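Take a look at the structures listed below.
Paired with subunit B in one complex and with subunit C in the other, subunit A is shared by the two complexes that follow.
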Partner chain A sequence: MKRFLETGNFAITEGAILGGCRFFCGYPITPATELAEAMSLRLPQVNGVYLQAEDECAAMHLCIGASLGGMKSMTATSGPGFILYADPYGWALGCEAPMVVMNSGRVGPVSGITGAPGQGEFYLTRYPTQGGNFETITLAPNSAQECLKIIVEAFYLSERLRMPITVLGDQLLTDGMEDISVPENDDEMKEMGLRVWPRLYHKGPDFYPASDALDIPPVQMGYDTGALCSDWTPTVEGYDIEEVEEHHKHAYRLIYKVRNNPQLYEDFYEKKYMDDDPDLVVVSYGTPSRVVNTAVERARSEGLKVGALRLINLWPFPDRHFSRKTKYLVVELNWDGQLVREVQRAAPKDAEVKFLGCCGDLPTIPDLMETFTKMLKNQPLERKGWVLEAW
Partner chain B sequence: MQYQSSALVDDYLRTRKIPSTACSGCGLGINHKVVIQAISELGLKTKDIIWGTAIGCAGRQTFATWKGDGFAGTHGRVYAIARGLRVALPRDKKIVLTVGDGDAFGIGLLHLIHAARSNAGFTVIVMDNLGYQSTGGQFGFTTPQGAKTDSSPYGMFEHNLMSEGMDVMHILKGAGATFLARHTATDGLAAVESVKKAISNNGFSLVHMPYPCPTNFGSRHLGNRNAVNILRWMQKHTAPLGQEKPDTIWATGVYHDARGSRPELSELVWDSVGKIRRTGKL
Partner chain C sequence: MKDRLEIVASGFGGQGVVRLGQTLGEAAVKQGLRVTMLKSHGTEMRGGYVRSQVVLSQKAIDSPMCETPDVFLALSSSAYNRFKDTVPAEGIIVYDPAFVEEIDASLPCRQIAVPAKDIAVRNFKRPIFSNAVALGSLAKLLETMLEKNVVLESFLEVIPKYKDENRNAFEMGYETMNI
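Now for the complex of A and B:
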């Protein structure tokens, strides 16, 4: 095991290489640029290729091409670039091309603040492209070390489910420096719970079987199998067709290969002080969860019955964590509230679900403590911030 | 021509998709045959070529016609997909892309230019049906000036990429393409020879192949859907490079032949990766 004091971007690079990534195509954007830079340094050393594209749309399309040709591929960006993935993301979902997409969130809308963390793409990672009729998987680590593990896992899932997987981070996560351990051999990989699935190729002729089965190898070019893939609705052989019944079979597979195999991703969450049915559950993901965890520890030491639920698997949304009627506080790095809407939907109708948002900066422990106390005492939460007070 | 169409179909195409669902009188099949004949004359087999297409008439009508492996990209993006694929595929595999004029010279022009810049080893055949025809017949960026289309009912008056001294070929040459040619569907064997050169180029090749669309372009601009009429009209406005007349729209022939003058993308990439691995530097 090698230890480093390095950034999340470093951990993602090493994780990707461990997961088998040998093709990275990106476009410079703060705060994902350092990841592209690290890839350009590291990939050639392990017989991999780094290419820089003319825009993010092209970058993910190049990854699609490399994936079709048998290389495990990855791209990374931030919100303004992630929206340009809309086009290739749909193609990759429809043609079931495995790859990993990293999104390091900053403050929006549009270019917003480039060098500060935000969580404005929670829903965008669920609906990253047009047309619907698909399910997506999003994973959100909260530390550099976890970045490494989650990226390896994302490559594993992308191969077994033959689909793009999104890893959602934020500027603090990818730019922040932390202690990172990188395994040096297979035994150390196993010890850290890192799994790798090899790239296989589909021998045909039914390249798009009407089935929710796992482990159907992806459609690959260059093996002379008569492989076909396109942006149109495919027949099982891959021919383009305009028939509702064929479309239904295809959409069913895209949706249910994910929904019917939750064992692959449902264990990705973290619970703290959740065993005694707490009176208040604080829900978060990514970097703010680290402040939340500290605040919940503080609350417990002061006798408040508060628990912390951190989601790592964001999509498909893990409804089962919210079956209990209690109070929920959802902490996010945005002012509009995104995750809170899913919690409201998943929680019992008479559960109390509140939102604490901030953006560009992390919530503070005093703010969190004050909110916990008010919620537990059934006091109303005040709107914070000068703009809101002025209204 | 040297080959019967049926023999070419047996060797290279899927009978499920040939004949295609193109409109009566569509010229796409003429160009498609030119490309297949060039492949046949080069002695290439289905395993040697990965066939990519885009969308619109040219993309959809040629997708899955090739007996070997094939893919279709979304509108304008196939040049980016093909660059990634080029790097991943073994060097002996060739990539041929059949795309439309809107795809190449409109929505995909940025990606096309960067494919030329990087001298990516594939051949782009631009099947130019004089505009956006699968959406009903709107003008594109190489639609002849003055043409009446569904979106230019008074005649197409915008500057475009193929008139007034401008030519998309100049852009692509400046961007670094190593083989460029233009042939209309009336050019016959001359087009086959150019496509052979394009496919044999170890680098970025593009052949611009305008063909007649009687259904939309003919009916709108020429007043009827007669396939022979629009072919004659195209022939009248076509002349070999250097022999242009005042009414020539399409000057045909080889525009640029710099085959072998620059390293091809994937060769450059893998040679560089190899050097870095061995020595730690370039």
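Now for the complex of A and C:
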């Protein structure tokens, strides 16, 4: 095991390689540029391929090609590039091509602020492409060390479910540096709780079964398999077709292979001080959760009954965490409020759901403490320097 | 050792603020500490604002934010003005008077001037070595926590060029710091 002071981008690269990734194609963008840089250095060392495409759309299409050729593939970008994945993301979902898509959020909209963290793609990772009739999975780690594990897990999920998996981070996660421990072999991986599994290959029909079954290896082109990959509805036999009933079967699989197998992703969350039915639950994901954890610890030391719920699995949204009628405070790195909408939907109708948003920087502990206190005393929340109507 | 030590360095892009934070972080990793280091910056490579925030601890670190820095290195007036009020009474501000022209005398913390740019220009004829001087002065301040030689060794790894100049500049910064 080696110990480094390194960026989240480095941890993601090493995690991907440990997970078997041997093909990376992307288009550099802050704050994921160092990820492309690290991949361009590391992949050739492990007999992998690094390609820089002309843009993000081409990059993810190339990853689909590599995936259908039997390679574990990955691409990475930030918000302005993630939006260009819209077309290939749909292809990858439809053709059931496993791969990992990393999105490191910065402040939007459009190019926004490059060197500051944002969480503006919460919904975009649920609906990364057009057309509907699909389910997606998004995982959001909050430290460089956790990136290592989550990326490996994302590759695993992508193969078992035959679909792209999005890993959502932010600028502080990918550009920030931390001490990380990187395993050097399978035994060390297992010791550190990282999954080790063989790559499976699909050698024959049924290519696109109309079921929610897991463990159907990814379709692999060539090798006399004869399966077709197109933007039309695939049939069980591996042809394509434009026909409603066949499309119903296809859509059923794309939605229910995910929904009916929650055991694969539902354990990705972290709870702190949540065992005594806290009066206030602070909900967050990604880097802000680390400040929330510190603030909640301080609140507890001051006798406030506050708990922290950190979501790692964002989509499918884990409604079950919000069944209790209590107060919820949702902390996000945006001013418009995205995760808070889902919490409002999932929580009981008479639960109190409030929002604390930040734009370009993490929330501060004094701000969090003040908000906790006000919510617990049923006082109205004021905004400093910015007024939000809705929440 | 404190439970959690926070160090902020801020200035313009190109001054070596990120490398400086990285060096302290590397040294801490070598000494078995837990480390986080955040860097924030504008779009520009040079001239924009840059800040690095380093947290050192013996335990796992939750928040990587330096909200009450123990040490704040200010390498521009705007950085000084932006973060000076976050430094608590027991904290220390280290500033380079070549970049920070006006000092707020009402602050409760100690403020130490380190003429890093002057030393660099005088001795090496190039301001680029001023971050080595600044780092040397921080190494003196942090001596109870990070061994000086480990900091210097990490610095020469992080910046593998101009080793002799960087080593000398580092030593000059170390000698300049009076505490």
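By our rule, the second predicted complex is superposed on the first by the 383 of 391 C-alpha atoms of A that agree within 3 Å, B and C clash if a C-alpha of one lies under 4 Å from a C-alpha of the other, contacts with A are read in each partner's own complex, and residues count from 1 in each chain.
Simple rule for what comes next: a contact is a pair of C-beta atoms (placed from the backbone, for glycine too) under 8 Å apart; a residue touches a chain by one contact, two chains touch by 3 or more.
If you're wondering where the values come from, they're calculated on a predicted model, not measured in any experiment.
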item	value
Subunit B versus subunit C as contact partner of A:178, first or second or both or neither	second
Touching partner for A:44 - first (subunit B), second (subunit C), both, neither	first
Touched partner set for A:323, first subunit B, second subunit C, both or neither	neither
Touching partner for A:115 - first (subunit B), second (subunit C), both, neither	second
Subunit B versus subunit C as contact partner of A:239, first or second or both or neither	first
Contacts of A:260 with subunit B and subunit C, given as first, second, both or neither	neither
Subunit B versus subunit C as contact partner of A:379, first or second or both or neither	neither
Greater subunit A contact set [subunit C / subunit B]	B
Subunit B versus subunit C as contact partner of A:68, first or second or both or neither	first
Which superposed partner A:53 touches (first subunit B, second subunit C, both, neither)	first
Subunit A residues contacted in one complex by subunit B, in the other by subunit C	none
Subunit B - residues contacting subunit A, complex	16-17, 46-47, 50, 53, 55, 60, 63-64, 67-74, 77, 80-90, 93, 110-111, 114, 269-270, 272-273, 276-277
Complex contacts: residues of subunit A adjacent to subunit B	23, 25, 43-45, 47-49, 51, 53-55, 57-58, 61-71, 73, 87-88, 90-91, 95, 221-232, 238-240
Subunit C-facing residues of subunit A, complex	3-5, 30, 113-116, 171-172, 175-179, 287, 290-291, 293-295, 297, 361-362, 364-366
Subunit C to subunit A touching residues, read off their complex	21-22, 25-26, 28-29, 33-43, 61-65, 67
